[in-house]
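Paired with subunit B in one complex and with subunit C in the other, subunit A is shared by the two complexes that follow.
After this line comes the complex of A and B, so read on.
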């Protein structure tokens, strides 16, 4: 076994994992405030990628305008989903809200490739693709930059939760009725959480779109994002960061080390195994809060 | 007026307990059954094998999932994998020369065994966590099937189903396969109609409403959660074998991916959770709405000279599923079965609406 190879896989895995973590950041934001697991997160990331592509390639906007434009547009889209669909489901059994987000996922996956064509769209936002050599390690420059941006955004959302509005959102997460009674507008906090979730997904969609192209397969980020969110604990932002690194490294090592032994394809299974193992041994994840149920 | 209740006096407990107390309901069910039995004579081959056969098979599967999701309230996002296990087990046994009747049951037991492992997850968690666990298992089962040459015969291989006989009848003609699927669907429907009235069905309902409360009342959640997964997975496995033998005739791993799970899930949501009638309606809508929509759009495009992109038409089924699921969850969470029940309640007293209450 070549130690250099393993080190290289691990380092690249860290950055890939951070890029995955960006998708699950939105999931955690939404779960934290409203207690809904958003299975449409992958599809929203895909939508963000498509929106950025339309602005860049379709309308010919420059990069500095197109990316903020996509982020703002998707913020509104996230709030729209909450307002039109999820708010009507308050008080319904959990099975219904899960199915609703899954329905949104299916719809978006049919709508966008249907409208814009199923072929892979090239999204060029000026990230150089040439590899970077640090000592003898070959590092993928695109994932390095993407992982860096993800890290900044996740840390920013940690800081955001200490701001005034962040405290409001934490109060809503803690107890909706109590925050209502002290005059917090709970609906608005949840809507903003959906908006921010969509923004995080869009950022991830753009970053992934620029490395692998924009098409429906961006919605497959859902399963990785789920693995990260569950491993880190569904309501912990710090957990996303650490779980993202773990999942990224595990996936990268599985591709490099286990694949030759079993004949390929382990990359797609790592996330599922991590989900299952976490749920069996520590259902609330590494940093999640234990949920106590009253009858 | 149609569903007349007037003059209906139950003088024995058996009368009151029967499945369809109203004479009109009995007549309706018998008419539909008679139509389904006579269908090979009435309809041409395309309708029989292209529409009725998949409708019966997918309905059977949806009924199995509905037992778990509608009755027991456990979320399962990996039902396609359960069917895949049954299909592969059944087809392998048939290829070994085991009679189809035994292979079906064995496929069901195989599915039930592995499916109950899915259920073991339900003992520890519920709600979203259970959804994720079953989703993860779907991916793991897919991976094991497609990467295990002993099961799938190689990554891109398909397994041919040999010529089989069911109860002495060779399943080669369209008629034979149709009646085979009809028989299986009939048995499963009968089971589902009756399960509600057994202690098992009532225990599942208690479990769905609140599992802790059920436990306090003396309903063993451990036992009944596992039993719900066992029975539902058994049905899934049997239907998987039927699907492989009667419809697909050659199985490959990609037929049992997440798409199948989502399709069946959409069927029971649109049809109505916890209803026997629902899956029949839901399957019809989910299977045929995309086809009808596609033909409609095609003809509209042709008459107005529009050029509809091929990608749009290819993605129409997904879009239709998504919109149907969202629409029903928002506006009629109990599905088409509830719409029918509303209509029936209205017709019970029509035209004397004041007689209601």
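After this line comes the complex of A and C, so read on.
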């Protein structure tokens, strides 16, 4: 056993996991406020990547303008999805709303490569590719920076949910009818949650896009995001952080340790196993709140 | 790749309306009909639009010059989206309309169509895709790769490594990083045989398709301290592999891939960062070959190009011209043998299997297709990315064809006996 390799995989797995967690963060923000699991989160991340690419490569905007521009644009896009599609589903069974988000995922996954071409696009946000060695450990600069930014954004979300507006959103999550009765604008709170969810997805889309290029495969982040959200607890921002690290490290080690034993292909199984095991043995995840209904 | 789905649809509409390259094909013309059903929208999107643009521009050039052997080329372009029912529908439609050739540019589609093509005697071109054992013309008379298969490409790469090491790979370590699909695993059998024969150690690292995250693979590759690395995938898998190789500090002049590496990939990875990486080149890239200059002057300059001018001369564009030129050469030879046809699959097959030392005026290596060898001789060359273009580092050569043909025969014999 090469312990240095294990250490290197684990360290890089932490950063990769944090980058996955950023996609999950958007899911959790939306679930916390509206109780809806957004299955379009992967495609929204992909859309954010395409928008940043259009601004950077297509319109020639500098990075300092293109990234905030993409984030602002996607905040509006998230709110638009809520206003145009989700709000119409009020009163419908939750499963129909979740199916709607799946429909949005499929539509975006087909639409954007159709409009912009299906080839991989370069998204250069200035992260150097030169290897960075710490002793004998290679730290991947792209994931190091991406993981760091993800960490900051997740912590910022934790702080936000303790702010005045965050408390409003939590109140909406707890009881929408009671929130209405005390004058809280529930629709606006949910729309903002969708906007913030899209911002988190876009940040992830840009970071992953700078790592792998922008194409339809960014939408595959949905599976990792889902595994992390389920493991951490669908309504726990802190859970996203911990679960992201667990999933990232587990995937990385599976590739390095299990793949050579079984001939490869275990990386994607990790997410599936985590989803299944969590739902079977701890349905609310590690940090999710259990909802007790009194009858 | 800047031909997107909109451009494709617009282009296809133009062809369908007979206002594109076929604009000068009139009812009284003698025609040879090709079905160009390819995947423009799903898996092979990384190559199809440029490849198809090259083919259509070449057919336009031929038709502008009055056709070949008294015949004009009509190519019906359609999108099968790598979907078998759609591909079969396109094939059957082509057959009904008198097509004598189909070019699906997709391994699963080509594999699915093999029994039909053999039974209907319709020539199926499987360039850089399909079954590698289709090189055996005695087993697959109507399946024609007309290009170097993946086994040959692996053989060329190893031979170039050997040349780099002054003739011996004994004791060297070669890492093979590949997408974990049948396509990715295809060169393994040849590499294993060559590892034994040449005395090098072969380490393999599969990655999960589509290959958008290989961050845990490449540290293992680096730590294995390989003498050479081969990476084998397509689309996003290729750009991510190359990016991770760079991030892990692997020397680019010891890293090589198959024909599936293009200028577009270099744009994604970073043109300077990828300097030194090698690929197999099945035909000349760039705009220097005479036939590419002719297309620019006689087709593109007249506004009759099938896509953006910027793509003329890219690697995948030239692959398309290469295959278009081979198809047309088949028509020329068929017409020379039987000028009045009738234009049928066997008629064209006779021409395609008579191609001898054809280079398309310097675009491709001397290619000879026989009733036994549908690969065309197995010649290619190795090219290196210099930051702006791929520059050849070898002349055209064939290598390890004894090993390759042993594998071809082994598999084609299985097909002959079991149909699989």
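In the analysis below, the second predicted complex is superposed on the first by the 292 of 295 C-alpha atoms of A that agree within 3 Å, B and C clash if a C-alpha of one lies under 4 Å from a C-alpha of the other, contacts with A are read in each partner's own complex, and residues count from 1 in each chain.
Please note the rule applied: a residue touches a chain if its C-beta (ideal position, glycine included) is under 8 Å from a C-beta of that chain, and two chains touch if they have at least 3 such contacts.
Being a predicted model, the structure only gives us computed values, none of them experimental.
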Original post:
Looking at the overlay, what does A:163 touch: subunit B (first), subunit C (second), both, or neither?
Top reply: neither
**OP:** Check the residue A:8 against both partner chains and state whether it touches subunit B (first), subunit C (second), both, or neither.
**Re:** second
Original post:
Counting only touches as set out at the top, which of subunit B and subunit C does A:256 meet: first, second, both, neither?
Top reply: second
**OP:** Considering only touches as defined above, state whether A:275 meets subunit B (first), subunit C (second), both or neither.
**Re:** first
**OP:** Report for A:113: first if it touches subunit B alone, second if subunit C alone, otherwise both or neither.
**Re:** both
**OP:** In the overlay, answer first, second, both or neither for which of subunit B and subunit C A:265 touches.
**Re:** both
**OP:** Check the residue A:141 against both partner chains and state whether it touches subunit B (first), subunit C (second), both, or neither.
**Re:** second
Original post:
Is A:215 touching the first partner subunit B, the second partner subunit C, both, or neither of them?
Top reply: second
Original post:
Which residues form the common part of the subunit A surface touched by subunit B and by subunit C?
Top reply: 113-118, 263-265, 268
**OP:** Sort out for me which residues of subunit A touch subunit B in the complex.
**Re:** 37, 39, 85, 88-89, 92-96, 98-100, 102-111, 113-118, 223, 226, 230, 234, 262-265, 268-269, 271-273, 275-276, 279-280, 283, 293, 295
Subject >> subunit B residues within the subunit A interface of the complex >> reply: 69, 73, 75, 77, 121, 124-125, 127-129, 131-133, 135-140, 143, 146-147, 210, 212-213, 216, 262, 265-266, 269, 273, 309, 311-312, 314-323, 325-326, 329-330, 333
Original post:
What part of subunit A is in contact with subunit C in the complex they form?
Top reply: 2, 4-5, 8-9, 12-13, 16, 113-122, 124, 129-131, 138, 140-143, 211-213, 215, 217-218, 220, 251-253, 255-256, 259, 263-265, 267-268
**OP:** Over in the complex, which subunit C residues touch subunit A? Could you list them?
**Re:** 1-6, 41-42, 45-46, 49, 180, 205-208, 210, 212-213, 215-217, 219-220, 222-223, 235-236, 239-240, 243, 246-249, 264-265, 267-270, 273
